[in-house]
Structure formats: C-alpha cells, structure tokens
Amino acid sequence: MSVLIKGGRIVTASDDYVADIFIEKERISLIGSNLKVAADRVIDARGKYVLPGAIDPHTHIEFPFGATTTCDTWTSATTAAAAGGTTTVVDFCVQTPGKSLGAALDSWHKKMDKNKPVIDVGFHMAITDLKKPETMKELAAIDEAGITSYKLFMAYKGAVMVDDTTLFKVMRQAKEKGAVVMVHAENGDAIDVLVKDAQAKKHTLPKYHASTRPVETEGEATNRAIQLSRIAGSTLYVVHVSCKQSIDPIAHARENDWDIHGETCPQYLFFDESYLDKPNFEGAKWIYTPPPRPKEHQDHLWHALNKDVLSVISTDHCPFNWKGQKTLGRKDFAMIPNGGVGIEDRVRLIHHYGVTKGRISLNRMVELLSTGPAKYFGLYPRKGTISIGADADIVIFDPKKKWTISKKTSHCLADHNLYEGRKVTGTPVVTLVRGKVVVEDNKLVVTPGHGQYIKRANYGSKLLAKGK
Amino acid sequence: MSVLIKGGRIVTASDDYVADIFIEKERISLIGSNLKVAADRVIDARGKYVLPGAIDPHTHIEFPFGATTTCDTWTSATTAAAAGGTTTVVDFCVQTPGKSLGAALDSWHKKMDKNKPVIDVGFHMAITDLKKPETMKELAAIDEAGITSYKLFMAYKGAVMVDDTTLFKVMRQAKEKGAVVMVHAENGDAIDVLVKDAQAKKHTLPKYHASTRPVETEGEATNRAIQLSRIAGSTLYVVHVSCKQSIDPIAHARENDWDIHGETCPQYLFFDESYLDKPNFEGAKWIYTPPPRPKEHQDHLWHALNKDVLSVISTDHCPFNWKGQKTLGRKDFAMIPNGGVGIEDRVRLIHHYGVTKGRISLNRMVELLSTGPAKYFGLYPRKGTISIGADADIVIFDPKKKWTISKKTSHCLADHNLYEGRKVTGTPVVTLVRGKVVVEDNKLVVTPGHGQYIKRANYGSKLLAKGK
Amino acid sequence: MSVLIKGGRIVTASDDYVADIFIEKERISLIGSNLKVAADRVIDARGKYVLPGAIDPHTHIEFPFGATTTCDTWTSATTAAAAGGTTTVVDFCVQTPGKSLGAALDSWHKKMDKNKPVIDVGFHMAITDLKKPETMKELAAIDEAGITSYKLFMAYKGAVMVDDTTLFKVMRQAKEKGAVVMVHAENGDAIDVLVKDAQAKKHTLPKYHASTRPVETEGEATNRAIQLSRIAGSTLYVVHVSCKQSIDPIAHARENDWDIHGETCPQYLFFDESYLDKPNFEGAKWIYTPPPRPKEHQDHLWHALNKDVLSVISTDHCPFNWKGQKTLGRKDFAMIPNGGVGIEDRVRLIHHYGVTKGRISLNRMVELLSTGPAKYFGLYPRKGTISIGADADIVIFDPKKKWTISKKTSHCLADHNLYEGRKVTGTPVVTLVRGKVVVEDNKLVVTPGHGQYIKRANYGSKLLAKGK
Amino acid sequence: MSVLIKGGRIVTASDDYVADIFIEKERISLIGSNLKVAADRVIDARGKYVLPGAIDPHTHIEFPFGATTTCDTWTSATTAAAAGGTTTVVDFCVQTPGKSLGAALDSWHKKMDKNKPVIDVGFHMAITDLKKPETMKELAAIDEAGITSYKLFMAYKGAVMVDDTTLFKVMRQAKEKGAVVMVHAENGDAIDVLVKDAQAKKHTLPKYHASTRPVETEGEATNRAIQLSRIAGSTLYVVHVSCKQSIDPIAHARENDWDIHGETCPQYLFFDESYLDKPNFEGAKWIYTPPPRPKEHQDHLWHALNKDVLSVISTDHCPFNWKGQKTLGRKDFAMIPNGGVGIEDRVRLIHHYGVTKGRISLNRMVELLSTGPAKYFGLYPRKGTISIGADADIVIFDPKKKWTISKKTSHCLADHNLYEGRKVTGTPVVTLVRGKVVVEDNKLVVTPGHGQYIKRANYGSKLLAKGK
C-alpha cells in the first residue's frame, strides 16, 4: 500500500518547506515538488502541517498502582495517543519487588497481546529491588529485549522506592551498557515524614498532597541523582521535572557538558497547585506526582524548554477514574491513586500554548515532541523526523482548526479530562503509523494490533554528540 | 540543466540520512531513495556528505584599509570560497566618512561588475558617519537595495570608529526597520591610549598589536553594545567574538532571551597570541582585529558554539600580502594592515577540528556554517538547508579524503595561508551554486559571473522565533 | 577638656558591649567598666547606643550646577550633618573645564573659610578636562593636598562629562599613586539622544528625567568603568549605585576579587520613580541623578548592602530649593537642577528601615556608615571606629526615641525635606567631633570653625586587605 | 588576681589599634592608652598582637572510633590547644546507637572529670539513632545541659550514619528549639558501594580512601542537607567542607540569604591527595574524612573563606597514633581509623599561610578563628572578642617569631604531627584563659582543671542578624 501526501508544509526540528511525500512499504521513499506518482491513497495536505509523529516516552498503561490499575487498555490508550498525533509510546515495565525483571517483561507483553496497540510501543524497565543477585544479571542482558533505559523511583517509600545503594549500582550497570538511567526524583524519606505528620494532624484534603511534597524534595533528589551519575559515569534523564529547584541543577549540569537530561509534562505547564482545591473532591483529579506547583514555576519550565535545559515533553499518562479510583482517598489524600490523564492532548496543547502564543518555535515543538525523544531512546533515525528511509509515522496537523478538549471526544477511558473545555487552535486530522492511516478525523480506522513492539538501540550510539 | 546526486549522506541542521537529490531550474525538486530520473549530470555521492553550501556573512573583498586594499578580487575570493565549500558571501559595504551610503553601494557593485563572482553575494552596510542629515534617510531606505543589516565599528579611532551617539542612533533606526545591527566591539579610546603609549616606548613588534588590545576592551564594548541595544529595542549581532570577556555578556543576554547574537571565526579557534611572535616579522600575518588571544579562550569559544551562545562561524576574510602590505608596518606594528586570510578553509577546519575531534556534532557544524547565517541574514529558506524548493547550493564533502592546507593549492591571491601545512581529514570535492557545479576537484569549472547579487529579507521575518 | 560617656552600648563594625568611654585631647583614651575618672563633662549614655560618628563621603556643598548653586552653606550643611550623626564629610572639588585643579581647590577652601564647618572635612578632586598637559601634572601632586581620590563624570554631556580617553588616562594615573577613582556611571551619549528626543516630543514633565536615563545607561557605564579599571590596574569606587544593572557587574567583579567597590544612597532605598509624578511640579524635588528607579531595585540594593557588594551608604547631598531653583525647569525637565536633600537623615533612616526592620544588623550599619567610608578614603583608624587613640567622633544614639523627619526641625537650608513626615524610631541625641559636643538635642552648641580640613591617606595603604 | 597587658596591637574582627588591657576577676575591665594601674602581673606585649583566644568548635577528644580511641586525653588535647592559642573547644558528645543521649553526656563529663582540661569546654550532641521514642524527648530538653547544636553523620554506613528520615526529624526538632544542626556531609551509601568494590578488587592502599569518597559524594550530601533544612526551616552548619562541590551549594544558599553556614579545617587548606601516597604506609596519617582532595580545591576554599561562604576554620582534631592505631589498616585502607592531628597548630598555620601570604586580612583571621565560632555556638559576647566585660581569653601572638612545627615541641600525645617540619613566622607566646596565664613560652603553667564546662546559649539569639 502506497500513500501520497500532497502540498503540505513539512516541518522538522530545523526545516520548514512545502512539498509532497510519497510512502511505500511503510517508509518515506520520496519528497518532492508536485510529485507525479501513482498511489493507493492521496491525502491533500495543502494548508496543513506535515509533522513527524509525536513520541511519548513516559506512559503507564494497564499499570497497577497500590490496590488499583490505570484505567486505559493498551488499545484505548494508543488510540487516544494516535488521535492526538502520537505514533509511538515507550511505557514503563515495573519490576514487582521480590520478583524478577523477566516476570515484569512477560506481564507487560501479555497485557499488550490481549488489548493490542494501534501504534508502536517500546519499554523501559523500572528496577525496584536488587536483593536477589540474579536481578543484576538480568539487567545486564535486558538490551537483548530491546530495552536500553532503566527507571528508578527515589520516592514512594515502602512501595517502589529504592535507596541510594540500589540507584548507584544500577547507574554503574548502565554505564557498562551505555543505557540511560531515568529517575523519578523526590526525597521519599522527607515526604514520608511530612505525610505521616499531615495524617496525624488530620490533614486529609487533596491539597496536602502538594504541601507534603515541597519543591525542595524534588530539587534535592534531582541533584542527588546528578551527582551519583557523575560518579558512576552514566547518562541520566530526569523525568517529569516540575519546578525551578529541579531545573537549576540540570541547567548547571548541562552548562558543564555533563551527560544529564530532563523532560517535563503538560500538566506542569498548565496547572498550578490551586487546582487541588477544586470543591467536592474534584481536586483529586490533579493528584499526580510531583504535584502541581505554584504558578511561577510554569515560566521557568517554558524557559528551560527553550534553552534546551529540558529537552523532551512527555505525558506521564497514568489515568485513573475519578469515581471509584480517585475517590478511594476521600478520607485521606495519601490513599488517592497518583496519576493524571494526558496522552491524547499533548500535541494540541503544546502547539496552542507554546507555538501560537510565541513561547517556542514550530521547529522546537517538533524537537521536543518527536525528534528529541527519538534520539534519546534509540528510535532515531527510524522515527522522529521526516526524511527518506524513515518510518512513515506522520501527522497531518491543521493549524487553523478549532478544537475543544473534552472527555466527550476523547478515546481515553478515564471518566474525565484534566483539560476539559479548553479551546485550542490546531489539531491533528490524520495520523499515519508506518504508512498506514490509523486515525482520521478523530476516528480509529485501523484494527488494533497494527502497533508493533520496537526494540530500541542505545542512546546516542551513533547520532548524538555535543552540540545537540 | 538538471543534476542528480546519488547515494550521498544528506546532513542538515537536524537530520542525517542517505538519499538521492534531483535538481532542476537551479533548485532542489526531488529527494528520494534510488531515484530513477534522467539528468544532464549524475554525481555519485556514495560515501560522501551532501551538505547545504556554507554561507560566509563576514568578508572584506577588494576593501580599502588605510593606504592599501585587500588583495583578493571578487573573482579570486569567491573562487576560493567555492573551493572550500562556501556558496554565498555577505560582504561589508563601508561608507567613506563624509560620503553617502549610496556612493559606497555603487562602488561595491562596480568592483563586482568588473571582477565577477562565481558564487552568490549579499551586502551589509557599514555606517561610519552620520553628520549629514540625509545619511539617516538613506539608511531608512536601504532595505530596498536588499540590505537589512548595518555594521558599526566601535574601534579604529580616527578612521571608521563611531561614538556611542552614532551607534545608538543607528540602533534606533534598525529597530524601526527590523534590521540587524552588527558591531565590531572594542573600546577604541582605550586602545588608542595604549597604542600611543606603546609607540612612545618604541614597542614596535607585532606582539604589541595584542597587548594594546586587551580582552577587556572587547568585553567592555560588547557589553556596551548589548545595553544600548536593550534601550533601543534593536537586534544585535556581535562579529568576531574572540574571548571569554565578550562571550560572558552575550551568554547573559541570551539566557535572558534578549535579542543578542554572536559569531566567531576560525582564527580565534586555532591561533593564540604566540603566533605574533614568529620570527622575521612573519608574525605580522596574524595581525587581525581583535588579535589572537591567550590559548585558554579557545575552549571558551568552542563551549559557546556548542551552547548556542555563539551561533555562527564566519571568516572575516580580509587578506593582505605579507610582502608589500603587511611589511608596511615593519617599523611600527600600528602600520600593519589588519586582516587575515580565511575564506577558503573554514569548512575543512571546522569539520576536522570540530566534528572529527568530537567538539561539535555534524548537525551543529551545518547549523553554524550554513543554516544559522542563512536565517540571521534573510537568506533562509532559499539558502541554508537541503530541502525541496531551496536553491541547489550544495557541497559534496568527502569526509575521509586527506587534505593539506597550503598556499600552493589555494585560490586566494594572498602570498601566504595562515594554516599552511595543516593536514586535515575531509574536504569538499564538488560545489554547486544554484544547481551548477562551480568547483570540482579544487578547480573552477564555471565562468565568473555565475554568482548573483542577492537581495536579502529581514532577519527572522517569518522563520525565526524563540527556541532556535 | 575631657569627657566621660557612661554606661552606653558601644557598637562597632563587629562588637557590641556596654562600657564607659573617657576622652582626652580630642581622642578616646580609655574604655572600661564603671570608670572612676574625673571629667569636665559626664554624659549618661545608659540605654543608648554609642556609635562612631558617621562619615559621608559624597556631598556637594556650595556647589555650582548650571546657572545655580546648591543652597546649603558649609556651616548649614555640616550642622545638619552633625545633627544627624555625621562627623566627617568628604566633598567633591570640581575642576571647571578649561581651568586648573588648583583653582578648584582654592575655590573650595575659600568657601569653607567663609562659611566655616562644624565637623571635619576632606576633599575628592573631580577632573573634567585634561586638555592642558599641566593638569595631569597637577593631578600627580594632589596627594600633597591630602586628596587621594579622583572623581569622573561619565554623563552630563557638554558639561562635566569626560570621554573614555580622559577616564582611562586618569585611571592610569591613579594606579601610579594608589588613589581611588570614583565614577558617576551613566552613558552620557545615549542619555543625550534620549533627552533631545523627549524635548523634541514636548515631553516636559519631571518623569521624563527618569525615562531618558534608563537603568541600562547606568549598568553599561558601570561595567565600562570596571573593565577600564581592570586594564589600568586601578581601584574603582562607583558612586550612587541605584539599580540591579549596576549592582550585577560590581558583584561579578568582587566575586573575582577585583579591586572594585560601590556605594548607594538613601534616596535609592526609599523612593521609586513614582515620586516624580507628584502633582503641581512637586516631583521636581526628586530630580537627582541617577533618577529614582522602579521599586523592585530597592530590594536588590538592600541585598547588595548585606552581601558587601555595596560597601558604603553615602548621601550625594546636593540640595536645591524647590522654589526658584527646581522651578527653573517648569517648562523643560532638563532645566531642573539635579540633586536632592539628604545629609541630615541618613543615620536615622538606615537605623529605622535597615536595622529595626531586620534588613541589616546594627554592626553592619556601623560598617556602612562609618568604618567602611573611613577605610576607603584614608581616614581609618583615626576615624570610623571606637577604639583607643581614635578621634573622639562619637554619636550618642537613642534607639527608642521617636522622631518625625521634617523641614521644620532640619538644619539644612533647603525649603523642603524629601522625607517630610516620615516617623522613625531612633535618633542621635548628642554628637561629638574630636571630643567636643557639637550638637545636642538637635541644637548646634559649638562655634562654626570647629571642623577641620583633613588630609587623607591612601586607600587601604595599611589596613585594608582581602577579607574585608 | 589581676593582669595588665601593655602596649600590644589589639586586633578584633574589625579593629586594629595599640592599647593596654587590664583584667580583673577573669574579665577584661579596662582598655586604654598607657594605663597606670596596679596589677598582679604585667605582660609586655609591645610589638605583639593581642588577639581574642581562638575557639575550636570541632574536636574529638577521648573519642571511641571503631575498636580504638583517639589518643589525646582531655588534659593533653587542651594543653596543645592552649599552646597554639586556642582557649575554648566545643567537642562532640556522640550517642552510642541504641543508647540514650544522657548516657553519652555522662560519659563525656566523666572523661573530662578524670583528665581535666586546662581551657574552657562546651559540647555538641551527635545523634545516631532515633529508634527509641524517648530519644527525641531527651533531645528536646538538652538545651538545659547547655547544648544548643546537634550533629548528624550522613556517612559511616553501618556505624553512626543516619538516614534522611532521622536527619529530617532532628532538623524539625532543631527548628523548634532554635538549635544549630551540624552535618558531616558525605553520601554514605555510594561510598559503601565504592569501598566494597575497592576491597573486592584488593585495592588496599591508603590512596583508595580518597578514590572511594569522590568530591561528588560530599557535594551531594551538602546539598541534600541544605534542601532538607529549607523544608524544616532549621539552621544548618556544614562541618569540614573540603571541596568546590560542597562550597557551591553553600554559596548559592547564602546568596539567597538562607540560614546555611559552613566551616573548613587546615588539613584541607594545606594537604592534597598526594599525601596519601607517602611510602611505607606513612600516607595513613592523612586518612581523615573527607579525605585530602586534589590541589585545586585549596584555592576554592581560601576564596570561600574570604567571601564569607565559609565562616569558620575549625580543626576536626581527631588524633590517632600511626603506630598501633593507623597501622590497624595496613592490609585494608578501610580499617585505618579516620582522623588527623590539628588542634595545636591552627592559629600559626592560618596566620602564616593566610595573613602573611596575603590570602586573608588579620581581622578576617580573628573572625574565622574566634569571633565567628563564638557567635555561631552561643559563646559571644562572653568569648570571641576583646571588649569590656568579655572573658579574658587572650592570646599574645608574636608575629615575627619563627617557629618550626614538630612533634617534638607539641603537647598532643599522637606520635606524629601532620605539619612536621613546616617553618612558619608568628606564634603564640602567652595564652590566658579567663585572666589566667595557662601556657607561656609553650609550657603549661596552670594546674589542669582550670578549664570549665560552658553552657552555651542559642545561635544568634541576640546578636546575629543579617549582614554578618
């Protein structure tokens, strides 16, 4: 099956021009002006942007959290992703403490075999427990499964939190393999003291989720991970950076050319701590971790995205229904499952609030949403750009079309949308994955299972170097 | 005439892939894998880089300096440029104090009409004297001549130096027109005191050129220009940044998102002040301004290039023969014409010492030498990248070919080459300007006059915004 | 005549203790607990602070400005100073362009011979014109007159402004003599363009005084003076720092251990630009230079005072009557004499708003008002502290006494007080100069002429070194 | 008993003048010129400095470390201190894990009752274990014992190291009481991994002590303690800062006016990591923690001392004999007791290498060695300066006397001196504690027991505020 995309404005991380694109055998084979070539399908993209499909390197799909599980299936989550212009996700396989990494991997593949994805998928591996010596051996071989990034939680004491010994040992292993270490950076010990103190004082409302996780807990842990990385000689990628206190040590590291990187997520750019105060327990929808911050941090985050202090915008999509899931914590904020909805609206939000408001250029948007994640996580040049030979993961984006974000039009199964009612200008209209249209006019037009598991290469093995 | 470039590794500011390029009517019309299309000429680029032609936005060709004139003609200089992979230059028209801007522009066009160029050419306008009120009116209309950048000298007291009043007035005018203000940033007053003091002490050797222009004179003037720009609200581009003292205020400005930019030149990356000490007056070859600096500044410059504190590498090509020109100052360093040879070897040098030594990525090299200058000086997207519809200004660069830099193989008319004898890996093998091969295997293969004068648009009028 | 001060709380730049002080022959000869010694006068200082007399190193007394002269006499100004706790002033002798330094010095001494001072006095020399070669020779010998600090104006174009050549030459001379160079740092060229532009637009109100002297003009000139000092190797002291743009380069310099220092004045700590908008031309009272700034700069100034980025608080006392002097500029802000009233209330203001509000410690207040200026300007250890052998320049300060600042109770001859109506806690009750009570309960109790001209030593000749 | 000190040059943190001092009833009662007063003893101090006695707030006397105990007795250590110009020490009481704080306090008092001190003594309390709930209650009441500072070890895993939960809880308690939290800042987890790795690789030599404790482990822990302090709202004092990585976060904190402070010790100013390589296991003498660092850190430390980023120089005196103690680790560097000799030579070393070499002023020396520690640890104004009413803890220091540091002339019981053979200019000649000469010409002239236990007030309770 071949596709011809006519007359669109092609935008990559550095270029911006009008041309036609011809796709054969899942890949881009020709770019030219006024291509005269027969195709099974012709898409008229005049007046529209033709972008490389967005990549979301931070999702939690069918993910068990405490006594519950995130509410999307692999099919629903990836449909939502595709509808929003995302063509690949990299999800976190999480080791159950006491169990093997292999068991986690099997479990993740089984879920995806059952509720099949419509876009491509990779996995990171989250390590929670190194007590068994064979776990480190498993880790050493996990690149064979196409996993080249390891995640560790510095918070969630008593659950998935690791101590510095485990963190540091994994970093040393990552150095050996050229893998990327990803950290959830918060000081779990201090948070645990603050949470227990709040509970003792009968501080039960959602807002105490924020006050018991002050910005210093994140800034501290970020710096700790950076320094331990420096000793280990490993690559570090700090997930969901939410505040200046965490931005500053990353900026310092990058100014010194250390191998340190970071991402943020839309929920930190668009919501502040006041959302937790919404009445009737609605604030619980904004219980995610790190929590929403004071408003001034939003400007710091945009600045960091602009100056390449932060290099990726992911979603940390981790959806829970308000009813039945978020409400588990009606009597104690600490019992509310942590996580928010986000996979579907990332591209629209960043285009509207970032590009049309003049905060970032269109090229930088492509870099933050697609090219950057592809390069960091071993998907480039197969994914992450529009060039000859690349997978035809393409989004036709109408920059003038109005769109109202809403649960009603969403493919995510959660019973609410954090951005409900926001009106944006610009939305994806056609999404192709490996040359096949998967979503068109917000409707799934492909059979689940089109999405494939992608084995990833090492970070920057060939392409990344100084200067980018 | 059509050209097909087969199988090269196409490198842009952000991408890197293998494909064929088809050129028709001076422009790139098709990029694809295994293109099957008839062409007047087929170039086999397998194993080679296919790069957008480099742009040199800082040259002084047939330029009168004191009692003498730079020794290249427009034909020789542009042939040297093309041989080295440069496909466009933007040269400085300089107002003669007391005369009109129009007279300068006429004079520049006349020279170029006589000794015709082989590559494309644009002009900046250097303002030296605003005494006549009509000069400001001329400046206001000069965009009609395709000139959208104004240059001012803060040094060369008694010659082309302007005072802060003139500088500030021109900045205010630039703000009105959206033009770029370029400054040669050195404190001419302090230098004048130091030079006269050196002369009084009979300090005649070339090395006193450096000691009478300490780094603080450059750092001071750079900061002065930045602050005056802030008041005027104009765009500033600091030419030939040579030292940390000048880098620091630019870095501070850019961190604050001010509209401040800078370039450096190869002579500051590769030579230090010790070159002025070469015996038998040979040091005079390295008399350019700012002077060669202590060696430690080279690392600061590379770091600034990497962090986008400096965004362009130009040449400040301003060639004088050693014999008969440089030797005018045998008895007084202040009589040595200021300027060095450089237009021909920029791409080779940056590739060898930048990319192969791991200081910058290949993508960043393209950005610094081509995409960046094209965007700053109103040439993008017509020039500065490889994409459909762009001028086919292309360099086929063999990254493995050894090359020894030498006067013998150079097309520049100067009697020496500053880089004489340096062995590099990687050199241009074919250079095309608007689809026509102009140099092949270091030989000019086109009739002078192929090069055209290009009217330039305003800086960033459409394409540049935050994030790039 | 001997004096015994009983039971006061003696506060120096680092100490704070209760003791008695005995004064003989103008100097402090004994400090002890419960001194039993006969004295001509006994002062009960229980419950009060006993402070070293404040030193004001920045005044313009009987100073011609344009067509008018500051409205205090040497007697009135020094009485006001003494009433406010100041026991020494260092005033600016200003060379008339075209005339000799000696003429200026004579003129200053003559004025002081006529209207004799009640406290001690030193002079700085302001150089405005180096055209005559003998001026530099005069400067080289001026330490013989006890003048060890040179002032230059980088603003007031067409009047006392010097160009960078003059500034730099004076710096080189200062280096030879170990003198301190003081600069009024504003870019006079840019200000001149802005003022003329405002005048052309009929912008006549006082507020245009501020808008035509933007903070960048001060920041720029400050940095310029710093860099030129670095080249010359001289000591720099930046007067009346008013904004962050000027603080930042001083902070950078001091962090690098450069010999760079700065002062601010109360009017920058307590007034913002909104004062210029007072109706009925009252805003003209706040026409001083640099102008009052946006309010946010006040916090930056306090921070700089705390971190020893700024090391002195002086007054720049330069009083003009509103009626008849300030009103000269009713039709054009540029015709309003520049200068404000301040010599009398400095200590009260800094104590109330600095110490009692917790912005600075009491020790730091003493350092900023007395010990610091004494050390910088060659008066220490004779003045600037309370220790055995020092001049008995002492202020008995009642920290609990309420005081309302007002023209009515002031000794300054100006027809207004900028701080009119402000209520402060803490005020001087007795002021001694060389062991003699000069003001008591706000009344002059000494015959004018008690004040002496003091020949000053060089900066830090013996006492200042790193670490302070 | 009364003492009259004649004609010395009295130097405090800010002053410097010549006068006589009269001492009665242990305190300074009179300072004057040419005092004519009868005294039991007259000391001729002409040509000498008269300094406030140095205070050493960081010692480990009769301290059990692993299987051994530091080799000084309270008598020998305080004699050495006095001989070197130190008149007060504040030693660390250390809780035995599992035992009460009271038990530790008793134990410390008993040791001191047995081997009585010759100078005054205070205690800090080191908390190692909060498992028993009553420990926190004990801590809450410990100010009644005159203890107002709590110490925690972030390293020494498996021994005295605390986790972040304990550290944070103690900080919250300190906030309640206004106490100072002192931390030994190193990441014990990472060090433990590195040490075990070194042991596994049979890396047994002393130098591995340094390589297993890289600078990042200290920098990380310092920042962690700072951030946790910020959350707790407590005062932090970082002990034995040794490197830039630790200086930087302290500098950042202080620039932001956070309540964060730090000290360094002479061993970090004078020794680098190469000392560990001394042959025949002699390097073991330099096994202290943090370890000696690369030489470049010494300049950073001096700079930090000058800029008040570091505010105190203590000794961390923790002496072990080489023979029999240090040699316990001949086969494994990790078995070498950690600690070095230092109490005796601090003042001489800082005077010689700091003051006479121009690195700090004499006033700043007094501030770093005496006034600063007195203010931080609740001893000021009773101790830490020379003023009326203060304890007559005074050192007569001969700035011209040559001294060779050596075990032979030392009063410390250790079998070596780290500074053996260093020749310095300037040495204490008489040391008085509360008005009594305790050491004269390097000989103890008082009966042990003259030293008293001092109950300390809270940090800054009355005297410290911004600006100092």
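The first chain written gets the first letter, and so on, giving A, B, C and D; residue counts start at 1 in each chain.
As a working rule, a contact is a pair of C-beta atoms (placed from the backbone, for glycine too) under 8 Å apart; a residue touches a chain by one contact, two chains touch by 3 or more.
Since we're looking at a predicted model, the values are computed, not measured.
Comparing the centres of all chains, each the average of its CA atoms, the largest separation from chain A belongs to C. Centre-to-centre spacing of chain B and chain C amounts to 50 Å, using the average Cα coordinate of each chain.
Our note on geometry: chain A versus chain B, Cα centroid distance of 41 Å, whole angstroms. The set of chain B residues that touch two or more partner chains is empty. Contacting chain pairs in the structure are A-B, A-D, B-C, C-D. Across the complex, chain D is touched by residues 10, 12-19, 22, 29-33, 35, 255, 257, 303, 305-308, 358-365, 367, 371, 381, 385, 387-390, 463-468 of chain C.
Chain B makes touch with chain C in their complex at residues 163-165, 168-169, 172, 187, 189-190, 192-194, 214, 216-217, 219-220, 223-224, 227-228, 230-231, 245, 249.
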